[in-house]
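Accompanying notes for the structure given below.
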């Protein structure tokens, strides 16, 4: 796929918006407006935006990583994500769920459960259905590396391999591995399923877009599933109340001069790195950048206004909606 | 006149629905080439093809997940567990994914999960279990337990057409033991609505509520007791979720004494739940204690002597009924 | 808190009138208990409560007409007197969560707390140390009995239900007497339908104002507004005539075999609690023919033909001052007994105003029965958006030529009105010939 300047800037916009929204959620959490765990982490921007960019809403996507960017790219509004965390009636799950656990089949979004790999076989099932119904679609499952230790991961990937389902599984490896497996290289594991695996730098947006495109082409050619191993150079997680707040995204140049905590990470942070790349290529002017950041800030402020005073989830429908008919 | 077994009725129902709706498909271990461990799906692969009859790797959790995903894409999968005992391997997928999706985010999961349950065939602890209560206790799943040939057909058709996950528990002992003439089956409705109990015998002294293969134990006991002047009314629940509370309560209000019978173990069993419903809603109509006849709280044992002691027998029911009648 | 809404009682219905409230604000209502009565263009019916709880608000008063899906009442909310704005806004306690350790005394709506009946008032008959049962104590209260005067025959001298019944002198308490099955046979076959005869409903109805408009303009008339249902029937009949190109074909069918079969099996069906009429025979045969000629089970949508895969057969049922067409859904999936039961059930519920919205929706073909009072045949008006309707005339014994002789046979005229826009005469006649053959050669095994 060839990108125009506008599209590249749009990709950067979604990464910035992701970061801004996450910062705001962390602030709400710090201010005790939000008391439940957030489960967010930095460093995933390139993966969530890059993996969701080429596939369209007809291609199902499910993730057990906090891939906020993928949701935004699929048209979920920042205020919906806030309402979800806040447990409001107007939120996407009407207070029935927290975290990023919501889905919307019309946007191709499948909600995962609280477990790390339960969705792998479900996405294999969607991919299987695409294949038997001759639909030109792919299903994407995003998991952190811990998932490869589960039976769910194995059963789902194995089924997809045996049935040649158009499934793409993105396995994200953090800098500090949890050592979930003696086999540390995913391609070795992929061999066991008779599958191809594509390694990619998880901080490099354009590389990710490219491998997802390749995997989609393989899937559509009937070659079955592909494992993508995306290695992050830097990632930090927010822990409960004493969240490790990420350095605010202010643009690489500013941070460099600030000498802030994240400065040394410029090349490791997907958003900064992509911004730097666009600036170097002259595909982004200072004015473009300023307006892009302003746009993201406005989107988040709008969202904050929209959720202000939102009603809590209503109790009168507590027992409804469990079955199709009462 | 040809005779139709419970197994054949189940098979016919799946066949008919697969003919009727091309979105219905079958997944499970050995359901295709081999035709199923009990030959329930013999001939399906040849007729419907490999895209609709899928031999899966041994991976209950995985292929249940596949069925859920396929359902999100508009298909209506029937998942077979070769023995229902192995449903334990899919517990996470059923209780966390299938049961909760509609409630959490509005995505219905129209799948049928079926397989042979129950004991009495000397198959030991891992091929004889009655796992219904794990799922009765999980909001979001419907549970049916056909005991007759017509219900085997009618509940399967209803389950396939249902928009929610349905656990369809066959009793392996009934597969080839229960049969009726084709004409008798033809005289019944094709569809048996989920959530409706059926009164299989009328009687004025004690109402016996049961389900699954225990229906026949109940009917045999009723016959014996009738000779002693004790008339049992026998209710076959057919569906555990939703439960036909009205049918049970109506009988309790008419008859005033209740005996609850199941093959499943005692603690946390269906009988306990029904007892509570009766105690809450029909306390003033009771003329005696609510009595349970169930298996004891142990795994299903293998040896014939042990298994017979484990599964409630006709004499157990007769004894309990006599005591209750004299109360 | 649950809203009670004005239901949609048919595809083309836009509004309904509340004719009666059975409960007042503050009353406890049980789920499925009749709550109000409504009148719509198509049907007058009772609306059951969708849930149990206190009727907290009535938003639409008797006599008012509102669009469908309007909230007419609220169950389980804060009790709001219809007139005054509630004075005590701070009284509502927060809803108790399931985990609340000490639940407040009033039943809390959402969770799984089962409504508990009010504790019975103590009576003098309650005696310490006397063994009985909850049921026996209830019976004692109801009959004002002193249980101390009874001799208990239960375990340890417990007073049993039978002891109380014997004391009361109730007959038939010997063990082993089966109770009468709850399902009583439903009375009366579906009565005639005015569908084919829009001129007037039943004889006892007051003469419509239009009966003698000009000749009696001097004064000897009674003017009465048409009921909602009558107006609706009138509008639908005219609209159907304007929509479809009606043509009627009439066949004569020998139903002697069906008459015999019915006589033979009537009793057996009665034992199943089902009154066996001729209608299920006609429904069953019609479904068979519809499957052979799917165009008759279709409808027209603009320039498209919509074939219905479901076979939902409407049965016109006459009511006082109008008619209604309840529908047997998926009639092809029912056994003959199931059809007979459905015919009984729908007819009964139509007459007792217990039809639910779904019962009158989704019909794909209609059967009407104008022969009840002796009519030979009628030419019915199509029930839109369907494309054909079958009128079954009266069954009469007639001399007919059998072979080279003359025999006495039970004969009936069947009239099919069809929409010539979609169905040509030849096809209609082939359908009727097929139907005739199914009726004349009815397979006893199907019963």
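Chains here go by letter, A, B and C, matching the order in which they are written, and residues are numbered from 1 within each.
The definition used in the following text is that contacts are C-beta pairs under 8 Å (C-beta built on N, C-alpha and C of every residue); 3 or more make two chains touch, one makes a residue touch a chain.
All figures in this text were calculated on a predicted structure; none of them were measured in a lab.
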Comparing A-B with B-C, the one with more C-beta contacts is A-B
Per CA centroids, the chain at the heart of the structure shown is B
Using CA atom averages as chain centres, what separation in Å is found between chain A and chain C?
54
Calculate how many whole Å lie between the centre of chain A and the centre of chain B, each centre taken as the average of the chain's C-alpha atoms.
42
Can you give the whole-Å distance between the Cα centres of chain B and chain C?
32
Under the stated contact criterion, what part of chain C meets chain B in this complex?
114, 116-117, 120, 133-138, 154-155, 158, 160-161, 175-179, 181-182, 330, 333-338, 445-447
Chain B - residues contacting chain C, complex
183, 186-191, 202-205, 226, 229-231, 233, 250, 254-256, 277, 280-281, 283-288, 325-327
Interfacial residue positions of chain A with respect to chain B in the complex
60, 92-93, 96-97, 101-105, 110-111, 113-115, 118-130, 132-133, 139, 151-152, 154-156, 158-159, 162-163, 321-325
Using the touch rule from the top, collect the residues of chain B that touch chain A in their complex.
25, 51-52, 54, 56-57, 59, 61-75, 92-93, 96-97, 100-108, 139-140, 142, 162-164
